[in-house]
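Note sheet for the following structure.
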Amino acid sequence: MLRFECDYTEGCIPEILEAISRENHTQLQGYSEDTVTNRARARVKALCGREDVDVHFLVGGTQANTTVIAAALRHHQGVIAAAQGHIACHETGAIEAAGHKVIALPSQTGRLTAAQIEAVCAAHWSDPSFEHQTQPAMVYLSHPAENGTIYSLSELEAIRAVCDKWHLYLFLDGARLGYALASPKNDVSLQDLARLTDVFYLGGTKVGALFGEAVVIANPEIARDFRYHIKQRGGMLAKGWLLGLQFDVLLEDGRYFQISQQAVDRAMEIRAALEALGIPFWSDSWTNQLFPILPNEALTALEREYVFNHTEKMDDTHTAVRICTSWATTEAQTQALIADLRRVLG
Amino acid sequence: MLRFECDYTEGCIPEILEAISRENHTQLQGYSEDTVTNRARARVKALCGREDVDVHFLVGGTQANTTVIAAALRHHQGVIAAAQGHIACHETGAIEAAGHKVIALPSQTGRLTAAQIEAVCAAHWSDPSFEHQTQPAMVYLSHPAENGTIYSLSELEAIRAVCDKWHLYLFLDGARLGYALASPKNDVSLQDLARLTDVFYLGGTKVGALFGEAVVIANPEIARDFRYHIKQRGGMLAKGWLLGLQFDVLLEDGRYFQISQQAVDRAMEIRAALEALGIPFWSDSWTNQLFPILPNEALTALEREYVFNHTEKMDDTHTAVRICTSWATTEAQTQALIADLRRVLG
Amino acid sequence: MLRFECDYTEGCIPEILEAISRENHTQLQGYSEDTVTNRARARVKALCGREDVDVHFLVGGTQANTTVIAAALRHHQGVIAAAQGHIACHETGAIEAAGHKVIALPSQTGRLTAAQIEAVCAAHWSDPSFEHQTQPAMVYLSHPAENGTIYSLSELEAIRAVCDKWHLYLFLDGARLGYALASPKNDVSLQDLARLTDVFYLGGTKVGALFGEAVVIANPEIARDFRYHIKQRGGMLAKGWLLGLQFDVLLEDGRYFQISQQAVDRAMEIRAALEALGIPFWSDSWTNQLFPILPNEALTALEREYVFNHTEKMDDTHTAVRICTSWATTEAQTQALIADLRRVLG
Amino acid sequence: MLRFECDYTEGCIPEILEAISRENHTQLQGYSEDTVTNRARARVKALCGREDVDVHFLVGGTQANTTVIAAALRHHQGVIAAAQGHIACHETGAIEAAGHKVIALPSQTGRLTAAQIEAVCAAHWSDPSFEHQTQPAMVYLSHPAENGTIYSLSELEAIRAVCDKWHLYLFLDGARLGYALASPKNDVSLQDLARLTDVFYLGGTKVGALFGEAVVIANPEIARDFRYHIKQRGGMLAKGWLLGLQFDVLLEDGRYFQISQQAVDRAMEIRAALEALGIPFWSDSWTNQLFPILPNEALTALEREYVFNHTEKMDDTHTAVRICTSWATTEAQTQALIADLRRVLG
């Protein structure tokens, strides 16, 4: 079986394993206060074009989301997210367990718009009994969104303006950020994110690392005491250097961007093949996740050799599936899949 | 100004004040362990037709909702509610602050259906990554719902069946329960509620008491250690007898039901007058809350003398308002309002 | 049986019941936004000598403590309290349920000292792994403390200085504040409290009201959005005027201070009688709570007619009990108790 | 500098890195549902001598502690721990952030006794206002304790008996369990732990793994829905096989026990050298952590070449320090340290 159902079926790029082996017997200070991690922090700052951000490395996405949101919000405040947002539906209520409501907004596109956020805030603050409702205090975006689509620079700027108007923090979940940056449709840079958000993260788990997310905090209100929150939420690794080292390797010589580009290029090859076959898509994704709507018979045939993720039953005879490439997807795997797609769907 | 915007603008029925004055200098045991409260408990049990339920008296609705839900759920579990449900949008995220997600379902009618609950549970338990989502473990109904409509006996029985199938607790918020029981459309008795729900409450704050809700717990899993939860959530009154005594008076000689009936009768008079004037309604309410859709000009004219609650702008020229009667609404007030409605809208 | 075990066995001063009766049929705005409550707020501000404080009325002590602490602290912060403090041991973990650690310090006197607080903060901030510990961010004092003793002005000033040094909020639980102010040993005024604390409350439940605590917030960081927290913690009464009105009556013409004085005077009579009998005390209390250490045989004899609270077994033959007077204790009751104490212990 | 301050300064045993490299390009199912993890589960069960336990792999200690405790307790319940216990003082209030009080008991030995637990429970349940207090529902032990000492089998059996009597879960934090099992004073087996506790874990982070703790749940009440709690608390790794694989390697051919034994043997050599020099110890530890009390001058001299952890100032001229060996400590490092100890202290 060849797995295309997600982008975390393999381990990591070989350079990371080499680096771990190299450092394995070095005695390093615990809890991310070591020299390797500091070097990785410096790389992140340089790429963001800002020396004044705080950089922390956490193990995974749910942990990063919970820690950032809990560090930022007071008890009566909530976070606005798309209804499909990871924090709204795939983290077992982690944000609520930390005491905060996720204010989930329906979205056709899987992304939030500045207008939606404006409407929620305007409604809240004009309601005479606003104190009987959760106060909106943060906006959570996934970029790429769960359906593979990405925000444009102008969309992000509009959202930032609304956040400024209503005193909302802007938090961008970049678990797959590399694949957004590598998209042919992308016009957003890391520096833009460091300028427009209060906090965002650069995902490693799905982009070449064994695990790890690099959290970049531009707003000092959120940065203050952040390490307490990491510890409290179970994210302070004794051997924190394992996190820093992985980002040190990923961000050296542009590796992170190269492997992301390669994964997106392969997805685009698959996308072109599907388009040529007249297959429609569930979302307009130009990143490493594609969501073709396949006839059930063809899907059954393909699933003898491939693993996909079933996203949604479209009707009695069609199903939207997720096909993911990753940094680990080879050209041979890509061509094999394309050939089989043509054979079955042609 | 005459206030019709809600059912808690006045204090309480005079018999309650008399009883407080009578007991005011009696030395009574604290924390609801006194004889007066026990008498009230016995009255509730008798009306429910069950000796095996636990009865606790709490100060208000948000407190009752939070305490019951926190007592019932484990950390990974959530409660299903209509999107308009009080816990979903008018309690400042109290349920989330207690750690639990409100799984809010859209509803045209303001009420949940058995089919909706079935769909949520079926989807949860058939999802291969169900553990990445909040586990649905309780259903919350408001009866009457926030829009004044009520559940029929068959609707409640269908919901109970779904709860049994998926191991969900059924919790009914009866903050205005008296007005539901008095509705001309009602076919549900207190005994039915004690039989069909795991826990419900009989509201006092909006039905003749100064404050207070009588929580009836039929399920021993929720009843166990419930007083710890009352204390932890700030609901254990030193002078708990004040709560018990109010229900003792309300439930004596059927007063609770008489004053509810009177309030609903007056609402029905207003409803008939509005219908005769051809005024449409925002919801099909046959309880003490009416939601007529009024022309804005007429509304402005009426608001020189009356206070209503604005529920929703329907279009540029019409607004849905809430008109509430209560146990305290007099026949004179009712006739004055009807006369003015006829004058302005006729 | 005559109950001396606590100060909340009776209802309220008659003037409160009269005022409720008088307002009972007035239509008042809900949720403490009415004119009566505003009048009570003005009285509290005048007594505190500050117009710039925020005043809110809550139902009870646990609710007030949880709401204030949750409004003030971020998730990684905790509150320092004496090990005997109400929040540390008599609120079923309400503070922890809100997510915050109570940093409980042992105390011989039942009160905290500036030196203890200084030591905790110095230890925290000098520890290289301080981020692995709860950050101390608030000090909670009960005044009188649970053992009836009170803080002197110089003790409070020293604590304030430590709080300033280490950026701690100072919160004073005044559930029995009237009895502290009336103590022959007292040298602290309401104005002092409004000047020295960030937030404190003036208790009503144990001092003449049916229920209610008046929370005075001097620090705008805590005051901001406080009503959200009241609602979230279940403390927003629909008929909030019931709270305001009780304080309006209590604070009119100095009633609150007079009834407190009367209760303390009676306690001092009992204290003098016990001292004359050579009875030792468990704590050096000069307020309405006395803690004599009685021989068990005498206690058994007395408990045929009186109810006391057992505080601690001192040895096989002696028990410390709590004897409370309150605003409701009559001179006749006091003299009866004194006569019986003399008869049994003489 | 040679670091002896803790047992997590190096990476992992080489066999783990080899195994990661070997599996690095295998496509494996996510979220610990892969075949490698299942093999590790089978190894743990075999070592525990029980097929009916549940085994889960988590990243670190704070995460394991929070997840287990949150999975086990209802909101009104707390966990009894020694005041020095990790959850009581070194996890930034993680347990409280999950809503639960840590009932911290003072301990001279750093360990809890059955008698202490008995006393707490007897006091709780005999108090007439027990519902005003956190209900004790779990006992947390660290084994070895933070001071390096270990529980004997008879101590654990006595604690189990008290837990049975008062319906408490028994939870044993084995972050350093290997070093306890290897102690010359040990008489407790893994099978004993699986029999006597409701849940315990076998630590990897400090015993040869890069990171990871193997949680063994014998009580089905805690096991039920445990994966929801892992996800909610941020512990569900996308590449969960990294955890399983490390334990698969550690537990193969008894490696875990051999490396633990080696570390303890080296600690015993250091211990013997210190004893021969007449150095007293802060705790009676026979595991990999030693706490000699050193003269400050000698300490200063040693710290030119060694890193130790300062545990406590004993007086103006003496300090207790922690000296840790680990699976990574070499015989050469051990002998170097011993030689320098003799030189400086001799």
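Structural remarks
Chains here go by letter, A, B, C and D, matching the order in which they are written, and residues are numbered from 1 within each.
By definition in this document, a contact is a pair of C-beta atoms (placed from the backbone, for glycine too) under 8 Å apart; a residue touches a chain by one contact, two chains touch by 3 or more.
Computed from a predicted model, the values in this text were never measured in an experiment.
Of all chains, the one whose mean C-alpha position sits at the greatest distance from that of chain A is C. For the pairs A-B and B-C, the count of C-beta pairs in contact is higher at B-C.
Measuring from the averaged C-alpha position of chain A to that of chain B gives a distance of 42 Å. In terms of their C-alpha centroids, the spacing between chain B and chain C amounts to 34 Å. Those residues of chain C in touch with two or more other chains are numbered 70, 75-76, 91-93, 97-99, 129, 131-132, 135, 228-229, 231-232, 236.
Against chain A, the residues of chain C that register as touching in their complex are 31, 70-71, 74-76, 98-99, 129, 131-132, 135, 225, 227-232, 236.
Within the complex formed with chain B, the residues of chain A that make contact are 75-76, 78, 89-93, 96-97, 99-102, 104, 129, 131-135. Those residues of chain A whose C-beta lies close enough to touch chain D in the complex are 1-3, 6, 8-12, 14, 17, 20-21, 23-30, 59-63, 66-67, 70, 91-94, 97-98, 205-206, 210-211, 228-229, 231-239, 242, 328.
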